[in-house]
């Protein structure tokens, strides 16, 4: 069953992580139930949707199968019902969001490669897949896009993407994927812990 | 003549309704003539454009035929020239906008079905078609997106979409379409009249 | 070599002009190095990306060849390193931006024609290609979109596009393209010099 492939599972985990992160941003802004579900959706599918549109992989992935939308809806409902529990777990949420970032970056790169796109551009595509769900969420909530005030957000994707291509020379694809996901996730956690910043110009 | 089909006519009416609604939002913001025309266009075609892109129905519909762009341009010019008359008819405008919402929701669902997409996702697609012209208009005018402060906007589309699928079991498609359009439109008018709100979380 | 065609060269020049203009907008907002590069990219490729998506020319142009992304990256780095020199040349920058506007408008029209789209809609497509890189840049930087406060920005594209189609009746395509680019560029420079405004409504 293709559905149970490795890439499918990591994509689903990333989707759930981003749906939770979107739902919490929306609840902080005091949106109603519908608004929270919409923002959870947009955060979870925004990056992958832009990726699919740019490479011409249409209809976009989330429209071809009822599984991802169902998972997002269920995740958003759980996030709303158990928001007090989640609220006391800010580090868990941050971990989930970082995991989603790593997962989406690597699936984005993989889909770029499948479409015959140059590796350097695949890194950009992976970064877009990882970051633009959050960017659309921030535009809709009228926040400064995450891309520009958490500097190590996108940089972590780029480094992870480069690591992935280097690893492909020495190990198998699933191993390279796993390591690259850990690299993105770890870079972001370390950047937050030690307050890394890129130089201003 | 395919052009005179039922769906084509309701789509054209919705386009005109949304062009008027866009033109008035832009005039309230004191944009110049060009800005008013652009916002009228974006409001009228935004939702359908996003729908076409998501399902891969490209080039997007409004580019394939000069009729829709001509109608939008003419509608925007009429809205500018007779703005005083329209201004004294806020209820008429609201009725038009609600009609546009219903019309676009149902055509969006229909195009999703034609593309072989799951009914539940078609409801989301119809809602996107109905709402995202207004969302892009609000982003460009730097307003809080309509989706989040008029709660019954998108909810009306979702209910209308579900009604449409239920009706398809008992009546013909044109009848189901007409009833569903009336449902979306009526729900929105009733919600505004009685100030319905979804619960905050 | 197709790469050295006339259209390719003018598209590359426009890309560089817009990358510089994007980098400077981002540096004014005190973004970090990464943010400046992202905004340079988005400004340079945004209009062409929306054009490609609307007409279904996918994967989008900048993903099919490493040349354009490399040129944008190099241009952004040069803009960052030599920002003091550029800063003392505001008129040069404005000239570049106007040149980019003209170049992109005409390539947008040409690609619309190649896709079999009606000339009047091609003018809209060219205007979108010319203007929407700047619109996305402004949305991400939370500015009022350029489209609405520099009124002669898009109007110059529309006039240039109409001139292009009229010229095609009397001269060859490359001549018509060159003249139309000069018209867009000159209109914008004259509008800025003499403070032309469209009437408010």
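In order of appearance the chains are A, B and C, and numbering begins at 1 in each one.
The working rule: a contact is a pair of C-beta atoms (placed from the backbone, for glycine too) under 8 Å apart; a residue touches a chain by one contact, two chains touch by 3 or more.
What you see is a predicted model; the values in this text were computed from it and never measured.
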Query = How many degrees of rotation carry the C-alpha atoms of subunit B onto those of subunit C, rounded to the nearest 5?
reply = 120
Query = Do subunit A and subunit C face each other with the same patch, meaning over half of the contact numbers show up on both, or with different patches?
reply = different
Request  = Return the distance between the CA-based centres of subunit A and subunit C, expressed in whole Å.
outcome  = 30
Message = If I count partner chains per residue in subunit C, which residues reach a count of at least 2?
response = 53, 56, 58, 139
Ask   = In their shared complex, at which residues does subunit A touch subunit C?
value = 53-56, 58, 112, 115, 117-118, 120-121, 124-125, 135, 139, 144-145, 147-148, 151, 154-155, 197-201
Ask   = Along subunit A, where are the residues that touch subunit B in the complex?
value = 27, 30-36, 38, 49, 53, 56, 58-60, 62-66, 69, 80, 83, 139-140, 142
